[in-house]
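What follows is chain A paired twice: with chain B in the first complex and chain C in the second.
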Partner chain A sequence: MRSPSRWHVALTVGFLALLSVAPLWVDASGRGYLVTVLTRVVIFGLAAMSLDFVMGYGGMVSLGHAAFLGAGAYTAGALTYHSLDGSRLLGIPGTDQTLVTWPLATVVGALLGLVIGGLSLRTKGIYFIMATLAFNQMIYFLFNALEIYGGDDGVGLFAARRAIGPLDASDDTVFFYVCFAVLVALAVILNLVVRSPFGRVVRGCRSNMARMAALGYQTYRYRLAAFALSAAITSLAGAMAVTESQFLSPSFAEWTESGELLVMVIVGGLGSLIGGVIGAGALFLLEELSIDITDNWQFFVGVGLLAIVLGAPRGLTGVLLGLGRSHD
Partner chain B sequence: MNLFIEQTLNGLQLGFTLLMVSAGLTLIFGIMNIINLAHGSAFVAADVGGRTGNYLLALLAGIAGAAVAGLIVELGLIRRLYHRDHLYQVLATFALVLIANQAVQMIWGSTPRSVAAPEFLDRTVTVLPGLPYPAYRLAITATGIAVIVFLHLLVERTRVGMWIRAGRTHRELLGAFGVNVRLLYTLVFAVGAGLAGLAGVVAAPFLSVESGIGDHFLILSFVVIVVGGIGSLKGALYGSLMLGRTYLPDLFGRFVDPSTAATAGASVASASIYLVMVVVLVVKPNGLFGLADE
Partner chain C sequence: MTELSCQGLQKAFGGLVVTDDLALSVESGEIHALIGPNGAGKTTALAQLSGELRPDAGTVWLDGADITDLSLPQRVHAGVARSYQVSSVFRDFTARENVELALQAMDRHSFRFFRPAARNAERVERAGALLELVGLAEVSIVPVHRLSHGQTRQLEIAMAMASDPRVLLLDEPMAGMAPDEALRLAELIQSLAAATAVLLVEHDMDVVFSVADRISVLHQGALIASGDPDDIRADPDVHRLYLRDDAEG
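This part shows the complex of A and B:
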């Protein structure tokens, strides 16, 4: 178990600071369109960070987090959809007010996390991975069946506002900072959680579940609570992602999306929280750089991933912290 | 009544196709304790072989190609991951999925293709008065039965099978007795991949062959194994047949008649197989026939 080091805090603050000025930099260099890419880094980085929380600290390898991403996207997206055409969802009028849709998506994610986690955590090891993946598929097919939102084609919500309270965040730079604020808040919260007594029990379960049980902890409940917290945050990220893209489709919940979140965590560095955001940054950067050269950038993601698994299992954060340590 | 019989036969055929993928996977999980997401890609590799025209040639090429691919992957990659966390096995094989899917697209494009059944099976037989049924589907069911009988005899009646069973629980001891465990693992992995390849070729005529098609079968196989229990051939058999019957409406909607694939009913049917899994997880977390401590 890693103790919070000075270097780790410095890396977290440093990377977030870098991210906070990135829109100004891309604007100044005349590539303002990249702001939306940065926003996606923030949103998917948030999801990867919450996955790192269950995986790096809780030892629960989930290959089903795209289910929560999709749940958040469909909660927020459906409400927005109904506000656009004025229809009702189960008797409730729709809304594009993110102060309503985002918290609601978070709650839906937590509940879904309790159900999926509650069942999957009855299993261990490989079974757990496969069970989360299977639940992911179940959710994916359910979204596919929602003909009202375009079935497997999805539906555009382009006429919707990005309303945040009285603020209209339709401007991409404004919206970036809204998402960034959410990311910073949750980075602080998650860092506090992993250092809290609750977080210590969860980390203890990762190291030695039998011993934690022998000490009298209800390991199942602690792990389930951690899983649900992660699901809630990932679901929030899904809601943010649909507000960003203004397009709702089942692809949010595709199993490869779960895999990509996993990749972000590993590329960035497992068990560091900020690693998820760094990994998201690295992945979107690679996509952006290679998209002009080749359509098959995922091929190179695969090759790079193999290199990381075999050569640098602690990811970029591990490399950066290793550099930091050498100066200690 | 005829419809019911036809549906059941279809379910059997699908179940046995699924079984060919799952049986190889469950052997790999059971003995090597390694998770392999790229297993479905062997399915694709074989599908590709299935386009060469001569069906029997394609069958042999598909199985051999998938087995050799499995051999290379085991020697070059999986071998380094035995002692690593499952997470890294997931990641490494996910990387293989990305590479394989993209490679298929780069080489053959993203347009789905269809593969014809071999001529001598491209007809119907009358299984019951008034119920014609495609001979090819019956042949798949027969192939699946042959595979499971072969695997059962291999695992339960031969020396290699004895090693496989021993390797599941007493890996070090098996090595101490002079068995080349590394070679055994490599062979099991190659046989598993070959089986996925076989499934890929035989399934090709009633699927539209495209990059990523293996993923569907891979995830279904995971469900089969979660339901049946890791390492249990019996579990894979019962799991496959159960899911084959349940999943049926969707798979046929999805692959045979794309226009009906869009209907909500099909997607709900495919979601329903996961309900089967949920029930089993609640009652028996290690699967129906899983070992008590995995």
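This part shows the complex of A and C:
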């Protein structure tokens, strides 16, 4: 891992600054409806950033992160659902208060991450990928079987408020800034973590796991902690996503969603954290731009992905950093 | 005083016996060399002493305590460190970061999430001292993938020394080194013996006979001779099975 450079910090701050003024810009240009797209960039960018943490720094390629996205969505979504119809969930009343549902989703994600990671990390390489995928499928079909929340059709939560403390963030722009604040906070935290002693151990495990053990590290517990941290953040993003869309369905946990997060990380730049957000931005922007021209916008995603894998293996972040500094 | 010892060590892969009733000891202050032809089971023996491989039978002691059931990381904390035949370092990290990571392993745990690792002044200083010891002070902030082969081997030793071990297991530290580099490394290993006992697996016989206090010879997993360098040089079995082949090869 190349040591964190000033350019990397500048890029992170710069891109977040750009994102912070983006709603003003789309408003001014008369396309206010795009604010919801920006909100999704923030939310899925957050999930991709947390995936990058385990993948780009920890060397754990997970094809199961949609399970955590789904776990967060179902935690927050179910509580909201029960608050709407006044029923109880396991004897607990529902709530649409995100100050409750989001932290709870984070905790649920961490616990699920400990279980899935705890078992998957006993395997290596391609088997780890397959194990995470297998868990993803199990979780997906579990949500499909929840008839109370509409089974595979899902259920609308359109009457729900987006309550954030005393604030009703039903206004899309207000909600964007709430999500943006969460993203910034976690970007700061994750950037501190990767430079911390813990982060150094996680990066060391990616670089040379056998050697880490020979130095005296119990590698399993550090990798598991990193995996659970990532799962917790992805689950939080899932809760944010269901609050945003106000529609709860198993599609959050579909394994193709795991693949999409993977694409965001690779397009944005593996091992950079901000790359996940940049990748999410690029993907949603490409979708928005090409959807008027063709229904087959995913074709262009494919072309773009190929171009990056072949031409810029460090993704858009690598390209931007390359412009910033001469050569490493 | 005996630092590390083993008795009755036995290991087979399928039908192939690679360690056969092995008994060894490493005394404090000594450099004990383990030699033998290719396939004699030297690296396998080392792996059982370090904890990477579990023996089928036998016992390993460190300073009188039975450590047979301890894992590799646990044995490092107990005082056994090792280096590898094929350099095993963190190629994306700088030399100093490699040593810092090795030092950090001696903390009770590394669940410290927020303070930048690079700001631990005491650790940075100790890493600098270890790099100085192995002669890498001037390349401390160079990424390891840019170091020469010889420098990488020196770095390995600095990392192994980071745990302040009682016993240092070195697996062919001179492999692939230019003669002058090997000479300097031999001097370094000799200087380490004051701080730690050394078990040295090495093919370079010039080095072995110049630095070792004691030599043990493995053949097909079993010990065929053990003694000081002069005894070993004079031993007819060792000559027949190993030394002469080596000289001709």
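Methods note: the second predicted complex is superposed on the first by the 326 of 328 C-alpha atoms of A that agree within 3 Å, B and C clash if a C-alpha of one lies under 4 Å from a C-alpha of the other, contacts with A are read in each partner's own complex, and residues count from 1 in each chain.
By our rule, contacts are C-beta pairs under 8 Å (C-beta built on N, C-alpha and C of every residue); 3 or more make two chains touch, one makes a residue touch a chain.
None of these values were measured; they are calculated from a predicted model.
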Which partner chains sit in contact with A:201 here, chain B, chain C, both or neither? Use first/second/both/neither. second
Using the touch definition from the top, say if A:192 reaches chain B (first), chain C (second), both or neither. second
In the superposed arrangement, which partner chain does A:151 touch: chain B (first), chain C (second), both, or neither? first
Where does A:246 make contact in the superposed view: on chain B (first), on chain C (second), on both, or on neither? neither
With the two structures laid over each other on chain A, which partner does A:309 touch: chain B (first), chain C (second), both, or neither? first
Return the chain, chain B or chain C, that is in touch with more residues of chain A. B
Check the residue A:217 against both partner chains and state whether it touches chain B (first), chain C (second), both, or neither. second
Could you tell me if A:225 is touching chain B, chain C, both of them or neither one (first, second, both, neither)? second
Per the touch rule, the chain A residues reaching chain B in their complex are 55, 61, 63, 119-120, 122-127, 129-131, 133-135, 137-138, 141-142, 144-147, 151-152, 255-256, 259, 262-263, 266, 270, 296, 298-299, 301-303, 305-306, 308-310, 313
The answer for chain B against chain A in the complex is residues 29, 33, 35, 37, 77, 80-81, 84-88, 90-92, 94-99, 101-103, 105-106, 215, 219, 222-223, 225-226, 230, 250, 262-268, 270-271, 274-275, 277-278, 281-282, 285-287, 294
Footprint of chain A on chain C - complex, ascending: 50, 52, 71-73, 76-77, 81-82, 84, 88-94, 97, 100-102, 104-107, 110-118, 120, 143, 159, 162-163
Spell out the part of chain A that touches chain C in their complex, as residue ranges. 1-3, 192-193, 195-201, 203-204, 207-208, 210-219, 222, 225
